[in-house]
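Following: one structure in structure tokens, then a few remarks.
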Amino acid sequence: MQGPLIDTLARRGVTRRTFFKYCATLASLMALPPSAGRAMAEAMAAAPAASRRPSVIWLPFQECTGCTESITRSHSPSIEGLIFDAISLDYQETLMAAAGHQAEEALHHAMKENEGKYLLIVDGSIPLGLDGAYSCIAGKTNLEALKEAAKGAAAIVAMGSCAAFGGIPKANPNPTGAVSVSDIIKDKPIINIPGCPPIPVVMTGVLAHYLTFGTVPELDKLGRPKAFYGETIHDRCYRRPFYDQGKFAKTFDDEGARKGWCLFELGCKGPVTYNACATVKWNAGTSWPVESGHGCLGCSEPDFWDGGGFYRALSRPADPLKMAATAAAVGAAAGVAITFANRAKKSSAKAAHETVTLADLEK
Amino acid sequence: MNEMQFLTWVRGPGLDIAIGIFLLGVLWRLIEIYSLGRKVDVAPGRHRDGASGLHTVFRRSVPPPGMIKRSPVTYIGGYVFHIGLAIIVFLFEPHIILIRDLTGLSWPGLPSQVIDLVSVITLGAMLVVLADRIKNPVKRYLSTFADWFTWTLTFLPVLTGWMAVQHLLLPYTTMLALHILSVELLLIVLPFTKLFHAFTVFGSRWYLGKINGHRGVPV
Amino acid sequence: MSASLQKGINALKEVIDAPVASYFNSCVHCGLCAEACLFHLETGDPKYTPIHKLEPLRRVYEQEYTLLGRLKKMVGLSKAVTDDELEEWKELVYDSCTMCGRCSMVCPVGNDIVYMVRKLREGMAVSGHAPDGIKGATKRTVEIGGPMGLKWPAVANVIKKAEAATGETINVDKPGVDYLVLLSSMEIVNYPEYLEALVKIFKKAGITFTLASDAFEATNAGMQIGASDIAKVIVSRIINSAEKLGVKYVLSPECGHAYMAIRWEGPNLIGRPYKFEVRHVLEVLEELRQKGVLKMKDKFKEPLILHDPCQIVRRGGVLEAPEPLVQTVAENYIPIVDKQKWNWCCGGGGGASAIHTEEAEALRAKAFRIKKRQIEENGVNTMVTFCANCRIVIEEGFDHYEMNTQLLGLTELLAEHLED
Amino acid sequence: MSLEDIRVVVDAGESSPYQADALSGNAPVLLRELAEHVRQLMAAGEPTAIDLNALPLTPADLDWLKATLGEGEISVTLHSDGESTLAETACPGVWWVTHHNESGHVVSRFIEVAFVPELVKAHPEDVKTGLEYLESLIFDLS
Amino acid sequence: MNAPQRIVVDPVTRIEGHLRIEAETDASGKITRASSAGTMVRGIEIILRGRDPRDAWAFAQRICGVCTLVHGMASIRSVEDALHRAIPSYSIPRNAEIIRNLMIGAQYVHDHVMHFYHLHALDWVDVVSALKADPKATSSLAQSISNYSKSSPGYFADVQKKVKTFVEQGQLGIFANAYWGHPAYKLPPEANLMAVAHYLEALAWQRDVVKLHAIFGGKNPHPNFVVGGTPSAISVHSSSGAAKARGGQDGTAVNMVGLQTVQTVIKQMKDFVDQVYIPDLLAIASFYKDWGAIGSSGGNYLSFGDMPEKDIWTPDSFLIPRGVILDGDISKVHPINMDDDNEIQEFVSHAWYKYKDGDDKGLHPWKGETEFNYTGPKPPYEQLDVDQKYSWLKSPRWKGKPMEVGPLARALIMYATGNKQMKELVDYTLKTLDVPVAALFSTLGRTAARGLESKVIADAMQGMFDSLIANIKAGDVKTFNEQYWDPASWPKSMKGVGLMEAPRGGLSHWMVIEDGRIDNYQAIVPSTWNAGPRDTAGNSGPYEASLQHNHVLHDPKQPLEILRTIHSYDPCLACAVHVTDPEGEELIQVKVK
């Protein structure tokens, strides 16, 4: 393990063992084979240490600040570690000191200074309804702000399900006409990091990857990094064996719930949700939704808000009863109508009957 | 439409439509068939134990003497795949939840490993039955497009369900959606094809038992 | 002559009912009925699969009584039934179906196939696609009195012989007696011993009976050909006569379809129950045996097997009577594997024995191999039965295969060994 | 306050939720896999590792596995970015490796098959730094 | 001197969401009229219509990711309230109430500390000035006000070095372009350095605090809830030898290990508040006593109350009481009647909405209606017409009066109703800072109240945790009421209100349920009370009123004074934006010139 980065780290007191351990754990989190840990360590160690921290601009649109809050929960790397050592966070409304005019100025300065090089992070969806007036910053619509900032960006990270897929503003009936970043920007590499919010370590992990290698990680067809979104929650869930045994919690505090049985019947969306919660867990590995007894909401999947109810088991249909009653009525009516037609037909056949005589046996 | 939207559609509107057509079809067809009626037999009947419609409904589930030997594949294959289907449909936990949510009725299920095994056996039995339909001269002679079609529509739900659980070929979401879609197709065609025997078999056996029972012959 | 396709279709439309609809919807094309049909088993030809024989009826049902069928017919997916097709089906519906009903016994979904064949024949008959042999028999029954063209004098002759042999007087057209005894033409011609046996037994039991000069013939070719109106005319002769004479019972002879016609179809043809009761001769004999009236002076020694005629046993419900009667008279009765309601047809029932085309006779000969095997497998030289039609067909079979086997009628056998 | 003294009985029954009924049956298979890896180590000197987090194992499975493999002679503790333990099992060459983070949570778990786990070896670059340090100590003495 | 002018601050940063302030000043630079505008809308209440009420919490929770817990909680309570109104026997298990209180408590302390250090401090602390500090002097300063362990000269030297390297690299990042050097910054360099050090400490500390949410709710931000209790079953199986062998890790996160973590977190919170937050607050406040006379919202305060000892339907058992204070008169606390149509109302005469019966009437939230009616300028725009409609926020009023909600309101009502600890704390603070009681009604008072409240809550949490453990020990592990879980078992029509005190103030979610589906959903959130525009009668909202109270801008181009007062409210704008009606068709036709 040699290279500029490892030297830099060594100067900061990070031993090669620590670095190796970090890589092994990262590989495990990313569901890569153990051998990948070593390969990763070597590749990362050899990466050049940048003289200037890359510029990162974070634009908030129709959001709830949950994504920003989430990234502050990241342990390794931590947000302050990123800000002081790895990136230059030049615009981030929730954290930045400047406001109003000065904030705007900082944004424009950073965009100009780092044109073509900065990483643009977007959280929140973009409303297209009402010519964009549903969300404005500094009198400017989100659409306009996004297009302007995207122009000079090297790549865009759509942080959270709103930016990646439209999220909650896009939920039925989408009152503001919200869309995702990739619905608008077509000419830049976009990394989607969905989740409501995304897992902190996934956010910083993907940033670390991009900043270390300068490349977009391998993405799935929804634009999500495969390393973290390659497998379903269900595949990696510690409760999976209970699913296999057919042991299910029936309410939130029954015997099964206490024993950690599968939450499928309580509406868990783990089987259809690609995310890393089951392996990475939340808040420094403290717990994660399924471990804390609530089924997965499926928040890293497009349109999970309209998936039919969070407590509805995946195998359960939406609302068939009305339809069924109508169909049954129509079916019965059709049946009765045919009955009358058939009766009439049979009667007329009987009426047409002439008593058969021997003569009727011959043509 | 992405895979989650696909799944959502098949679970929601898709299933609604399928169950709707199914119910509509079943009622329509049942009325269409049984409203044709039957003349009362005025010949004085002969009474003998075991000679009745009800007896026949059950008795016909057991093969007549010597017939298993004559047609082992039809009988054993048929039993295995019918019983297998019943186990999979009614004793797989996710299916029970579905039924509970639709009807409020529920019962304990079997471990998924057992269901898994049953699925494989069922699929095997269905393949054997298909091979027999191709090979056996009588069956081949009788078979029409509808026979191959309904076999496929019965086979697909089992296959896709099994593949979804096993995570084969396609992502679980897509496979689950395909599974539900295949079930919906099955529901839709059931009332209008020979699959409707699932309903009329009881009427047919009952008529047979009653007509023959009137003459004192338990059949 | 006035048979027509249109009349045929109309007849089918009249007879299709809920059981038919249920049966056609239940069929899964499993082919098991073929395993119960002796014509398929002995030829291996899948066209003899019973359910396939009903194809014209199925299409008429589908096209006339189902919405989807009507639509299919409209857009040309389902073709109308034609005269050519019915002509082709003649062989399947008459030559190769004896209405034995064994297929109905095995169908896993419970389809009563023979019930439907009976209905299909209604259409076949009035569209002019019935075989000439059966048409002739029908014509003779209606015009002359019996399928073989026999008239009363021939019966009177048999009566005379029987009186001579037994020394008893046989009543003719006598009102107020217990039984009106019917004969089948075949018994009159080929097995006159039957009447003698009956006289002996009834005398012993103290039963009074009569024959009727206007209603001696039990058979009903109208039913076999599938023309209910004609069957009604034929059966009405018996009913009128019996009710006129005021008998308590009408005795059906050893003839399969005769029993079916009088006992089960008759009331439905005239649309009401009779004022008398119809009993099969074996039912009466078994009752007498149980009362101890039937005492044997000796027993038949040779090993023998029993052939249960389809229309009397499987289709007619006379299930228990035959076996104890045989055991009473035979010392070496060997029960066969497929007996009683599972017995195999002789191959000539349902009117088939009346068809005398070369193909039909060749087919019957092939089908007979199943009876031949039963005899050979049990190593016997004697077979007993109680249906005149079966007897003729089986003897033809013996001749064809040059078998040295003896065929007996059960009533005669009993009479022969009866205590004096 | 300490929670050590909580003695709450929730289960009426004898069995704990993670005993026999919680075994998924996935653990015994791992033993075969391990045997194969050990053979490979002997034949080609090739070390391998199994990422236990990547397998559908219940806590009971892990307990079973750990108990079955037993304890060996050596255990190493690494203090770096949280504690890591590398303990040889009763099968020499098979190491049970657990990494904790700074707040003490388990972040990853491996079974390594190696003569010496990779992490234990000192890296030449670090040894070089160590040498420099030694030399500076000697220099200070003089 | 300055000419009269209009100053626009947009975006207001270090808040949640999108807020715009337009202020008009006279020649002296004094603000004469201020207008507060919410500029983003998502329509979550429209989205909620027709959905399963049990799902509503997840949607409502996404109103805000900062006060991530409160909307979920209020939403859950609105469903439970509806059930309780319809079926009086309906109740929530005791353990669930305690767990909820613990989660709310952790949210308060977490939120208040983060607000103070990360969102508010930079209005008072000059980061650049910290570079000039002497680490040794800083260490003495720190040790003089607290016994916090990290106070060595070396520690402060390290922090200073870190900041120095950072500044010298020339990439200031989030610290770029602020009002550094503005004369309104009055702290000495040492105090600035101490505050910067604690800015970083607090970032690390907060990551541990939220573990409490992770254990009970699975994650933070946006932990999970469930109608009728809490989602995580308690799995403490002392009978299980295997569980013990694994160190108490059992079926769910609420096991021995999890509960131990909760205990640790509670201790960490209390220590940080006692040793860092409160000392820093008092130290910094002592330099800004003049702000005790600036930024009063007018004297009306409202609190719905929270943290029930018994249950949410027994306000007498609340740790934080319910009531209203009018015109700064803390001798009288007025009761609130939720069901009275004339008490809580929302007005839209200056908001981009339309009422069916005219925009000048107030509507009770159960009867609330909302139809988008954007009449503002077509973006991009320079200025809003503040005489007309100018915000996506409605104007909530109590008996027609604007109300300030939040820590100050709660502290005053606790004080007024005789909470002993709060009384002591307030008196001690006034004495320490040597300011009159009137200084409470100000920007300074608001910021101080937040700190004092944190202490009260952090102290109370240990007791809550102890009673949870006592319950578990006694064998009570019930956390969920499964009766009436199925909406099919509900009465046909129900309505309920979910009340709670969010860290930012009184929060209420109003739900009307028909046939087990949401028929109407209205959320009146703290920032709507505080940041809402003028009402029909022309009464300013609290933000506006505060800015109109004694604000003289030193430099209109650097309106630091505006930020100080606005930030003292801890704005949460996504929360505040408020939408319901689904008649969306007309919206598309709105064309703005």
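Per-chain residue numbering starts at 1, and chain names A, B, C, D and E are given in the order in which the chains are listed.
Here is the rule we use: a contact is a pair of C-beta atoms (placed from the backbone, for glycine too) under 8 Å apart; a residue touches a chain by one contact, two chains touch by 3 or more.
Just so it is clear, the structure is predicted and the values come from calculations on it, not from any experiment.
Looking at chain C and chain E, the chains in contact with each of them are A. Path length between chain B and chain D in the chain contact graph, taken as the least number of steps between touching chains: 2.
With centres computed from CA atoms alone, A is the chain lying nearest the middle of all the protein shown. Comparing the CA-atom centres of all chains against that of chain A, the greatest distance is found for C. The greatest centre-to-centre distance from chain B, using averaged C-alpha positions, is reached by E. The interface carrying the most C-beta pairs in contact is the one between chains A-E. Averaged C-alpha coordinates put the centre of chain C at 87 Å from the centre of chain D. Spacing of chain A relative to chain B, judged by their CA centroids, is 40 angstrom. Look at where the CA atoms of chain A average out and do the same for chain C: the two points lie 77 Å apart.
Mean C-alpha positions place chain A and chain E at a centre distance of 27 Å. Contacts with at least two other chains are made by residues 16, 65-67 of chain C.
For chain E, residues that reach two or more other chains under the stated contact definition are 208, 234-235, 237, 250-251, 477.
Multi-chain contact residues of chain A (touching two or more other chains) are listed as 75, 235, 244-245, 258-260, 284, 286, 334, 338, 342, 346.
Touching chain A in their complex are the following residues of chain B: 2, 4-5, 7-8, 11-13, 15-17, 19-32, 35-36, 93-95, 97-98, 101-102, 109-113, 167, 172-173, 176. Across the interface of their complex, chain C is touched by residues 334, 338, 342, 345-346, 349-350, 352-363 of chain A.
Residues 16-23, 25-32, 34-36, 40, 44, 46-47, 49, 51-52, 65-68, 104-112, 115, 263-268, 271-273, 277, 314-317, 319, 337-338, 341-342 of chain C are the ones that touch chain B when the two sit in their complex. On the side of chain B, the complex with chain C involves touching residues 28-29, 32-39, 41-44, 46, 48, 56-57, 60, 63-67, 70-71, 74, 78, 136-144, 147, 192, 194, 196-197, 200-201, 203-209, 211-212, 215-217, 219. Of all residues in chain A, those touching chain D in their complex are 1-2, 6, 10, 15-18, 20-22, 24-25, 27-29, 31, 33-35, 38, 75-76, 235-238, 240-242, 244-245, 258-260, 279, 284-286.
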